[in-house]
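Structure first, commentary second.
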Amino acid sequence: MLTEKLIKVSMPAIGRVSNTMVARNTMALALVAVLVLGLAAGYGLAVATGSGRVTTATVGGSVATVTVTSAPTKKVFSIGVTLPLSGELSSIGKIWEKVVQLAFEDLNREVQAYGFNVEFRAVVLDDGTSEEKALQNVQSFAQQGIKVVIGPATSAQVKVVKSYVDSNKIVIISPSSTAPTLAIPNDFIFRTVGSDAGQAKVLATLAFQEGVRKVVVFHRNDEYGKAFADFFERYFKELGGTAIKIPYQTGLPDYASEVAALASRVQSEGADAVVLIAFDTDGANILSHAAESPVLSGVRWFISEGPHSAEELLSQAIGQFASKVRLLGTRPLFIANPLYEDLKKRMVQRFGVEPSVFCENLYDAVKLAGWAILRAGTYDGEAIRAALVEVAKTYYGPSGWTMFDPQGDKAQQDYGIWAIVPGGPKGYQFKDVGLYERGTVIFLEQPYQ
Amino acid sequence: MVLEYQVMINTVQYAFFYLVFSIPLTLSYRTTKVINFAHANLITYGAYTAIFLHGVAGLNIMSLATVVAFLVTGSIAVLNNVLVFTPLQRKGSPPSIVMIASMGLWIVYKYLLYIATDIANYYTSRNFMSYGRITYLDIPRGVGPSQALVAGLAIALITVVSLYVLLERTKIGRAMRAVADNPLLAEISGIPRTLVVNLTWFVCGGIVGAGGVVWTSFSGATTPEVGDSMILQVFTVSFVGGLISLLRTGVGAVLIAAVENVGIALLNTYFGVPVSFKPFLTFTTLLAILIAFPPLGAGGGLPYRFLRRGRGSD
Amino acid sequence: MIDVVGFVISWLTIFGIYSILSLSLNLESGTAGVTNFGKVVFYGAGAYIAATLTTYLTLILNGVDVTETPPYDVRGIVLLGELGSRNPLMSLGLLVLSLVVAFVIAGALGYLLSYPIIRVGPAFVGFTLLSFGELMRVFLQHYEPVGGNKGLMAIPTPFGWVAESRVREVAYLGLVMGVLATTYVVIHRLVNSPLGRTLRAVRDDEVAALCLGKHVPKIKAKVLFVGSGFAGVAGVLLAYYLTSVNPNMFVPAVTFNVWAMIILGGCGNLKGSLVGAAVVTFVDRVLTFVTPYLGVTVISPDYLRWVIVGLLIVVVLIVNPRGLLPEEPIKTPALEVVSEELGGGSG
Amino acid sequence: MRAVLEVRDVAKYFGGVKALDGVSLEVPETGLVGLIGPNGSGKTTLFNVVTGFYVPDKGEVLLRESDDLVRIDGLNPNEVFKKGVVRTFQIPRLFNSLTVLENLLVTPLGQRGESLVRALLRGSWSGQERELARKAVELLKMFDMLHYANSKVSELSVAHIKMLETIRGLMTPAKLYLLDEPAAGVDYSTARKLFTYVRKLRDERGLTFLVIEHRLEILMEYVDYVYVLHNGKLLSEGKPQEVVSDPKVVEAYIGA
């Protein structure tokens, strides 16, 4: 609370400084000095909060205060969290930050309820969805003596930190990296989400079961999209269908040309469905252009987990399009899991946002990290790694059972089916309507009439 | 023809956007000789003016958004000129230094907008990092062409016609052209150069911002990166015009729009070239044009600098 | 307790890599006046050359059939992890090979790219190179032998065979500092020579230089060869440091970061490039120790950092375009001749 | 006397404007020739054609190479320089961030230290550098500018800037020096001094000059032959006193 106020007060002050410093030679230097002083002050603050017996800890978020009233000998464990608070994934990252806050509160309450006189503290850093920064953050954690890090988000970032964490024995738990190239045994990388291969299989089953035989796979031209599309193609062929892959470039201002090219291809190939493998921004963009195309409105649409929970998808145009093309998506989800429903409810109550993709995986990553540290009994990377595997064997959280396979990835990932249906405050809402069970998709309800 | 009619519509739509974004770039460079990186911000700020009006103030009237955006981005452009470009030019800094300064400005504006979206997100809990298409109340819709096409056509027409009238038919326009052709001479002959330059910046900045507003009715999801991810294409279009000719810039807008829409759709449908090659196509076109038709005159490389009027001809 | 030694090692390593980039950019843009906004092309080329050579050759020299098990495949990655640190001689040999090949190929690329860019005036050069960077990125994304979108990972590092991680980090830092020193000496000598004088002349007025018989396009091509070569070397060092490369690492923002360094330090002053790189990388690193305790969520410190960097660029250019450190006179024996004359005249 | 430079019927058009319209002239060896004419008469355009900035639309430019005259029109400016033609500009184009000494040292061709590899080996070029520096010092002494050797161009007065550009050209032995208004903006006595030096160089070293100058009263004192351009055409030529008394010239100047 206090720090938040401080920031609010000091921000305009900095603004004033930068406005008036236009013309003087010394002002450039002064600005550097201000920055350095600010850093020094902040650093002093950091040392103070780190070493003193502080009973109020600010955990990541702006309003969170974990008030702990216990004996002064309480042991404090810091856990590093590197999140994409800026950059490409920042809209998800902001929600994740709140999940982290909630997870640490829950974790602390839980361990203290069990009688442990310890406190876990999140050290949250922004990695800007950039590889180099992810490494910088992990190094910074390591230099602060932190042995367990939650994140980074993308596979590319995990790859960059891998060599460093392996040699410095720091446990990395990524809640959202799904690249199959990271399924490597005996390293310090753990992932609390199933790989893309699993979801691709579910999506292929879903599409085939819905009677679709020839699909165009429209996918992000990045590691996620490419791997997902390859797996989808493989499984869909095994089932007896045909898949044509069209990659599209990411980071474009708009995807209208891509969608039009997709429409041309769908028409010329006579495909009966489009499978879209996208993130939120590009997914929403593509869907809203597709909604204007008669060709694309005349085929079925299936979507990966990326666009799920993006606000832009709940517009009227996309909602209508969804029911017209009977749009169905898959996502990692242990459906009808009371813990997940509880997390969702509390996120809405507390922060006014619904959890986005991978929130439950992130939540469980935090919990697992905490319990693994306690189980290890010593704050040492190798011990924690061993303990983490053991803890995960019996842990059940919002993301379901969290057991790791020999590669350190989530062994059993359940998948749910989602749709966009009328309802909710925005007119349309996301709804989980089915689940995948032993090779078939079972619908709990029919979303589209 | 297997090409979807949407491909054609997109070509026209993109041509409108490229026109509205590139013509001011060419015009401002011609008059002020500043390669303005911060041009990207003008697009983004135009779009985000509309988005903030919609998301924070709840207004979805395009004509209002266009006027506000025109004022906002026009003022930004003038501010850039008064605070940065003019002082630098007065000190005799070479164009490359001014360009690098505009790069600094670009960074500042870009991240200021990010900060603004974060603050807006904090207070409204809406996601401004990626904002869905805005449906405006005051533009005809329903069956037929989309809102963006109507608005795009309108704004492109208004831009072209008003610039033509301004440049060809008014005193101010003649002054602008005089400053562009020979700043020194213009000043000697009593044209208030500072005023003309600032006016140019205002008009150019404003047009780009207004184009940004139209963008929000077109794009499926607008992000604070919209201007940045389009800036290379916009510069490519202006380069086709050699950064001098407004007419050739217009041709460039159509050319690049066609390459990016018809070109990639054809290549994908008939040759299986991945759609993701689209940026590759654009930049190859740029390089090919630069190599085949190097710009002459001030914009040209050393071997072409003095060939303003062509080798022996013209 | 904060691990100060670890901090210094990691900071100096990244400082070293960025310094090589900023020194080479300073030669091109500060001394010779080529506004190179495509620095990332050569940096990326170097990184990819190191990654490709090292991963493929490690597998091939260990008798692995790369057509069966390519290094971007998960089996290849696991194998690289096992094989990469076995043979010190091979690791070091691959390092030297990568450095040499990266310098030559990135340099040649720079030399060739001077063809389109001399055809366009100063206004277009920056953007032409910038678009070329995007061209390269799209190409790499689609080129499967270098991993396509996946990129390459588990790149065996030159000192992978050293058991102790701290020793390994220090050894790598030593390597980076060695390369940095070489770069500095080479570029310092180039600047303080008749060539450096001609470069500055070309920067000041290329028309006048042309009239004095200087083949300006060729001179620019030469400079781009050297500058790009060193950028390639910096890329090699980055690839080994991150042990992973992918196309999206090499976006224009990297170039702008280097530009910020040379402008803050002073265009044309080599020490300024070092200072600029040191300040920027140091502030970035120190911020990671501070920001978690600020509890900021409304305004990201990263955005604020960029706003300040941008403002500093503008302010420095307006107030004093020469940056924190002004350009130094060219040191050649001619100075001695003149001071003898001047001294003799007065005495 | 053999011609060093021969311009034959050269024409250059810009759009509809005939900047040069069939101009022919000759500059003899060791000549000190003036080129005059009202503003916009095509003097600088002629320099630009001779030095390779413009390709003439018509006609030839020839330069002596031992016993032959060879065409140099169409060559690039740097190639023209290598053939032995050095020019200065009406608005001086000096290297502003370099010192006076450095400006002079840029000029000489064939500097070993300009090669990429040799630049790294100081020993390979330092001898030559010293030699060139001594030459520069000698020239600076001759023009009384030695004490400015380490000053930046931006610190010099207009007169010194003009002089420096002329001296810069003298750093290399050339067949022909084209000086574009060397005395513009220079006070009377300095201008005279400058022309005295030029004449001395011509007499002592046998150099050849073609000089554009507006200040006829000074120019006429020094040159031995004058060409007059008007509206892109040769209006008159001859010895200074002949030209001055030519009624056509007088009319052109008064008319302008």
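Think of it as A, B, C and D in the order they're written, each chain with its own count starting at 1.
The working rule: a contact is a pair of C-beta atoms (placed from the backbone, for glycine too) under 8 Å apart; a residue touches a chain by one contact, two chains touch by 3 or more.
Note that this is a predicted model, so its numbers are computed, not measured.
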item	value
Innermost chain by mean C-alpha position	C
Most distant chain from chain D by Cα centroid	A
Of C-D and A-C, whichever chain pair has more C-beta contact pairs	A-C
Separation of mean Cα positions, chain D and chain B [Å, integer]	45
Rounded Å distance, chain A centre to chain D centre (Cα mean)	71
Separation of chain A from chain C, taking each centre as the mean of its C-alpha atoms, in whole Å	32
Sequence positions of chain A contacting 2 or more other chains	22, 86, 94, 221, 249
Contacts with 2+ other chains: residues of chain C	138, 141-142, 207, 210, 216, 297-300, 303-304, 307, 311-312, 318
Residues of chain D touching at least two other chains	76
Residues of chain B that touch chain C when the two form their complex	29, 35, 84, 87-88, 91, 93-97, 99-101, 103-112, 114-115, 118-119, 122, 232, 235-236, 239, 243, 274, 276-277, 279-280, 283-284, 286-287, 290-291, 294-295, 298-305
Residue ranges of chain C in contact with chain D within the complex	186, 189-190, 193-198, 200-201, 203-205, 207-216, 222, 225-226, 268, 327, 329-330, 332-338, 341-342, 345
Touching residues (chain side chain A, partner chain B) in the complex	22, 86, 90-91, 94, 221, 246-249, 251-265, 267-268, 280-282, 284-289, 292-293, 295, 310-313, 315-318, 352-353
Touching residues (chain side chain C, partner chain A) in the complex	1-4, 6-7, 10, 14, 72-74, 77-78, 81, 138, 141-142, 148-151, 153-154, 157, 165, 168, 242-244, 246, 248-249, 279, 283-304, 307-308, 311-312, 315-316, 318-320
In the complex, chain C residues that touch chain B	29, 33, 35, 115-124, 126-128, 130-132, 134-135, 138-139, 141-142, 206-207, 210, 216-217, 256, 259-260, 263, 297-300, 303-304, 306-307, 309-314, 317-318, 321
